[in-house]
Amino acid sequence: MKDVFATRESEVRSYSRTWPVVFDKAQGSWLYDEHGKGYLDFFAGAGALNYGHNNPLLKRKLIDYIERDGVHHGLDQATSARGEFLHALDETLLEPRGLNYKVQFPGPTGTNSVEAALKLARKITGRESIISFTNAFHGMTLGSLSVTGNSMKRGGAGIPLVHATPMPYDNYFDGQVDDFLYFERLLADSGSGLNAPAAVIVETLQGEGGINDSRAEWLRNLSELCERHGILLIVDDVQMGCGRTGPFFSFEQAGIEPDMVCLSKSIGGYGSPLALTLIKPEHDVWEPGEHNGTFRGNNPAFVTGAEALRQYWSDDALRDSTLAKGERVARTLHELGAEYPGLVSKGRGLARGLGFAEPEMAGKVSKAAFDRGMILETAGPQDEVVKIMPPLTVTDEEVEQGVEILRDSVRAVFA
Amino acid sequence: MKDVFATRESEVRSYSRTWPVVFDKAQGSWLYDEHGKGYLDFFAGAGALNYGHNNPLLKRKLIDYIERDGVHHGLDQATSARGEFLHALDETLLEPRGLNYKVQFPGPTGTNSVEAALKLARKITGRESIISFTNAFHGMTLGSLSVTGNSMKRGGAGIPLVHATPMPYDNYFDGQVDDFLYFERLLADSGSGLNAPAAVIVETLQGEGGINDSRAEWLRNLSELCERHGILLIVDDVQMGCGRTGPFFSFEQAGIEPDMVCLSKSIGGYGSPLALTLIKPEHDVWEPGEHNGTFRGNNPAFVTGAEALRQYWSDDALRDSTLAKGERVARTLHELGAEYPGLVSKGRGLARGLGFAEPEMAGKVSKAAFDRGMILETAGPQDEVVKIMPPLTVTDEEVEQGVEILRDSVRAVFA
Amino acid sequence: MKDVFATRESEVRSYSRTWPVVFDKAQGSWLYDEHGKGYLDFFAGAGALNYGHNNPLLKRKLIDYIERDGVHHGLDQATSARGEFLHALDETLLEPRGLNYKVQFPGPTGTNSVEAALKLARKITGRESIISFTNAFHGMTLGSLSVTGNSMKRGGAGIPLVHATPMPYDNYFDGQVDDFLYFERLLADSGSGLNAPAAVIVETLQGEGGINDSRAEWLRNLSELCERHGILLIVDDVQMGCGRTGPFFSFEQAGIEPDMVCLSKSIGGYGSPLALTLIKPEHDVWEPGEHNGTFRGNNPAFVTGAEALRQYWSDDALRDSTLAKGERVARTLHELGAEYPGLVSKGRGLARGLGFAEPEMAGKVSKAAFDRGMILETAGPQDEVVKIMPPLTVTDEEVEQGVEILRDSVRAVFA
Amino acid sequence: MKDVFATRESEVRSYSRTWPVVFDKAQGSWLYDEHGKGYLDFFAGAGALNYGHNNPLLKRKLIDYIERDGVHHGLDQATSARGEFLHALDETLLEPRGLNYKVQFPGPTGTNSVEAALKLARKITGRESIISFTNAFHGMTLGSLSVTGNSMKRGGAGIPLVHATPMPYDNYFDGQVDDFLYFERLLADSGSGLNAPAAVIVETLQGEGGINDSRAEWLRNLSELCERHGILLIVDDVQMGCGRTGPFFSFEQAGIEPDMVCLSKSIGGYGSPLALTLIKPEHDVWEPGEHNGTFRGNNPAFVTGAEALRQYWSDDALRDSTLAKGERVARTLHELGAEYPGLVSKGRGLARGLGFAEPEMAGKVSKAAFDRGMILETAGPQDEVVKIMPPLTVTDEEVEQGVEILRDSVRAVFA
């Protein structure tokens, strides 16, 4: 079976090289290859599987919906499933948090959500320039790629990427420079050469960039800066939303209210393509149909997405367990940091990372873990961070098992 | 139920305004609203439902796959479902046609496929400029939007769209100008000011642009022109592929072999998000991971997509019935054209259109059809064309029913 | 003396390669090299020397001004010389023609004038896109280069040139296509993909592009098209203004009134750097200082420029003699066209050209003429046209001499 | 006389508003209005009149050249005057300093020189992006404007300015941040989102930006940074070259050798339009004619420029007197700074500035000085700096006179 990937798939394929097996089944925190061998999945579809693989609570709803011939594909037609999803969003997320957002379904994946947000921000302000951050990752389509930092991925555009200026992310200079000193100064100085920005787009915790966390205070200051200068604030919560850091939205702990929020990955509940752009009502100046797309209405994802919201976000249990499990992981990361100089514990909630001074070590640890039956991705500009992102539904036993494999793998690599 | 769409969804929503009901179930050529009222669907998810709603041949496979906990979300990991899909593609599409393409899964929707093709064309050639055609539609993300003609949608970008030059589509000047006269002359003249193009991107039949067909001869000449000038030819078969015009690929009748082909919409079989970029092997110069995305591996769509290929493309039956049904529709369109001056029959296969001299008439006919229980979209720069795109699996009876409703609707509007 | 050019000047040098002598003195239609050898100059500084080299009528004024320590360099300060120039412009050019333009001094050379016009057009309309024409030449700075056709010169930019779309110049298709068919159709069609243009920039007779003339009717239709669509019309009269085609402005015969006019080259009278942008008062929306530059006030050029206007444009004598001499040149060109198949007579007034079917012949004729003591440039995308542009003050005897050398040179090359 | 400026000149006019008189004659450090009133000129054509108005040592050469009908206008033809200028450049500037540069004449004004340098840097490196500095000023044509900081002037472009990223100039953060911390970090980090730069363009002392000086150490570090990262270093010495800061090149004191140097303003000696781009031989990869322009060969400016080089740069006298006079000016500035809190002495050589905490004070001082018979410009993003730039040939008495008028004007404004 492996042959067909090498012979038929484009050279662009990537994870099938990292984990050279053919996966067949999956359940909870486990992936199984075609020979039935299980792998503990601490990658979770890069954040698309926060509720685990083929979550039984959602599976029944999904099959029932398909069985009863519920609308499967629906563009942006009104359907019962779409309506249910909007209701669930209202009741479990927006109302309890006192948030008021209009919902756009911009297409089925995170980059669609980012593109819609950037377009709308430019339309609202009449400005073109966007401020992004060092090591940001927002997607591969041209608009999103312009605000993405990775030079290899930027190079793939084949044209000069413009209209975006990177600013230093929190702690980019290890505390040597005051927060926003540069940004504020450029904004205040009419001779700075900085094009007036339409919006700032930010991840509150950078996943692909290397599990770089930002402080609540930094986010609050960023939010205030934006308000002071009439700049829209877009939080890209595609990877860090849906409870990855504990609370549903990754920005909740900072107490800010972004002008727009991009959601995707786990929002569909079951790993199916779905994306949302949340827009403050006063900014919802779209013309009907000004942005469209074929797969805006992936109705089975509405069904599982709504059920996930009701199952997991009607109370604080998931949030609390995520925080607790995150602390458990962090403990091991700190121990490894104490054991091996140059190792750094990074992250928040269940978005954790182990940074290595020698970048190639991270890849070796990932490989060692795979040899031990565990899926771990690397991240960061030099792939120098091992990313630890189990499903939020991971059991305590699985967490223990995972951190032990990680510890073994690190020891093996340093042995 | 309708309230939640008005109160919670963004103003950008569109089809839920055109058809102000809440759809609940669907089967074959029929959509049913929440009160159980049926609508004959001659829109078919804008080409995403070529095999009909909730096709029973595919449904069982889908449910079985979900029941057995097959991998649901898989990034670009190798999975059995992905492998099966590639095999099916090979056996039913590529080998029988003597085609050799590498397959990229660029993300789940058509615009991802177009973005990947444009990026790759620029990388291969080291040029930036793309030639698109008048009234082209290729998607809403920034790269795809640059090659899309519609001025309202272009305006949504909020920044000047560059690196693309529109050329006249086939018959744009009603035969007054020789094909490619302008394009050839600009290419031949080193003083013309035309930036040397990396690629031409073309739909062989423009759907959103108003069901504008191109002749096989025109496509062949375009292909030869591209070859002569070292320009890559990209066919966007997102809407017109998967048998919409009769053969699987819309360019088969012209006998050309594009350098890249964009597929999406019905490629997943069941209306689920999936997209492919087919690339001639010599052009597959991607670095691993140079283009990525969360939902490249929508595994249930691989399952239904593979089954659809095997069920419908192992022989010529679907192609032949599509052509026959298309002729049946065309007959009524011609009759209407004879009955009402200014009405024009357009299209090929089951991508048909009825053009109106007074643009607003098309919208009125669409509304009249809806009142009569039928879903019909409009298209064209002024929404002046009624688009007739039933599922390819539509029955002969349904075709009869559909053309009669259309005829009644036209008559009612002109009464 | 020649060594220093090869050793010290950049490889970009050009005319010093074409005419490999060192010029020392000049008078009227004659250039003299350092050994005193005279060359009949039918190039005239590419149109910067319409009143001949070191014109005696202007020379005295210039020396007097320098002798009396008149302000030499004046930024955009008010000076008597600047005032005199504006008065002369008013009295000799604007008032007699019933034209009302505000005058901007945008910097000392043609490209500054074009850049100012493009900036202002974009500011006025809020649009970015400019329509230029095939084989246009407007200058080497980035804005002007974007609307210039020549691919080698465009390539020199090192970045993709955007925001401009080339349209076919008059007779680009040898009468096969109706004028403006393409342009009008793209403008009328909201799905064409043409960005709405801020302005059209046009030379009424393309010099660098190969002495391509446009018909008065074509210009009038262009002007009407612009008015109908709210597009500003900019005439670049840098090379063809100042009487080169007969009347002072090259567009006079068409009876149009452009929104902006770019002037430079001979406007300073004596070959000194000076440029103007004429702007219809209603379009003069510049903020003070929004466009500036060090050499906007080249005062000696104001002195000679004003004197040239008074000497040559207070009556119709120069215009009439230019037209007559132009006809005399054209007679020989037609005779050559009759004598040698493939030779074409081109141009108007004293902007004349002899086109060759085999491009390299033009360069050979230029070289043969130089061997016979005459300066002739080539033009056109393949340098396939010999450009005949003597000073307008050339004597009848010199014209006879010039056309005979040209005839001899052509015969020598074809012998 | 003043009427014609208001009625006929564009609203863009600027200095004729600041100094509402009509100047007629000029000599040395003095401008005279049409009524014979003298004004001490401490502005010197924004650096174009370093050798004073109508310098007698140059005037005779200029008149002789015109009298003898030396070639006046010469495109880029070889002429004796051009050759003499190149020789003088060699003998007085390049050889004594051990510098080896090829000379390009890119057009007559500073912005032509900058455009040529940027084009060439992009051609050499195959990269598009340029690093500029906060408060940089490089010119008004589109390429130069992209690297210029001033937001009002940038806004004049009417299109988004791209391909340039501003970095903090020396001391931008008042010593709070290490030099180049930000720049180095972004370059070192492949995930930073900074497009790899083709070149850095820098003024060693920013004139229009507000007389902001940079330290020799900062420049050396910048030069080393560029070398380390394969980035070309362009010094824009248009305003600060030609001895303005003491030595001929403003970067001499730092001991660096830029890859390219832009010169204009005083390089022609007499205030006539002339510009040069100096290019290290290994970077001179232009094709013949790849960049051109009508006024590349302003021959009278070659004559006065060559004579200025021989008269003033054959020994160190001018450099030494400039430094001495600069110190004299600085003394008064420091005294004023001591007298009035918030006043800051800025600059180097005879490029001096007096900065005000309340920006509007600078304009008031300029006006008060004008009322007292002295010309002083303001600079800086808020026009908060009074610029003191007399001709370098200013006498000691005139310096005394000038600083006294300045002192009086400051006192009057604060009274």
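Letters A, B, C and D mark the chains as written, and numbering starts fresh at 1 in each.
Convention: contacts are C-beta pairs under 8 Å (C-beta built on N, C-alpha and C of every residue); 3 or more make two chains touch, one makes a residue touch a chain.
Quantities reported herein were computed from a predicted structural model and do not represent experimental measurements.
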**Report entry** Same-interface partner of B-C, chosen from the options A-D, C-D or A-B, over half of the pairs matching
**Finding:** A-D
Requested in this report: Could you check if the interface between copies chain A and chain B is built from the same residues on both sides, meaning over half shared, or from different ones?
Outcome: same
**Report entry** Centre distance in Å when chain A and chain D are each reduced to the mean of their C-alpha atoms
**Finding:** 49
Query raised in the report: What whole-number Å value describes the gap between the mean CA coordinates of chain A and chain B?
Result: 30
Report task. With chain centres taken as the means of their Cα atoms, state the distance from chain A to chain C in Å. Result -> 58
Requested in this report: Identify all positions of chain B at which a residue touches two or more other chains, and write them in rising order.
Outcome: 128, 152, 159-160, 163
Query raised in the report: If you look only at chain D, which of its residues touch chain A in the complex?
Result: 128-129, 132-136, 147-152, 154, 160-166, 168, 172-173, 176-178, 181-182, 185-186, 189-196, 209-210, 380-382
Query raised in the report: Tell me, which parts of chain D touch chain B in their complex?
Result: 159-160
Query - Complex contacts: residues of chain A adjacent to chain B - result: 1-2, 4-5, 8-17, 19-27, 31, 34, 45-49, 53-54, 59, 62-63, 66-80, 82-83, 86-87, 89-90, 102-112, 115-116, 118-123, 126, 128, 139-144, 146, 152-153, 155-159, 163, 198, 238, 264-265, 270-273, 277, 279, 284-295, 298, 300
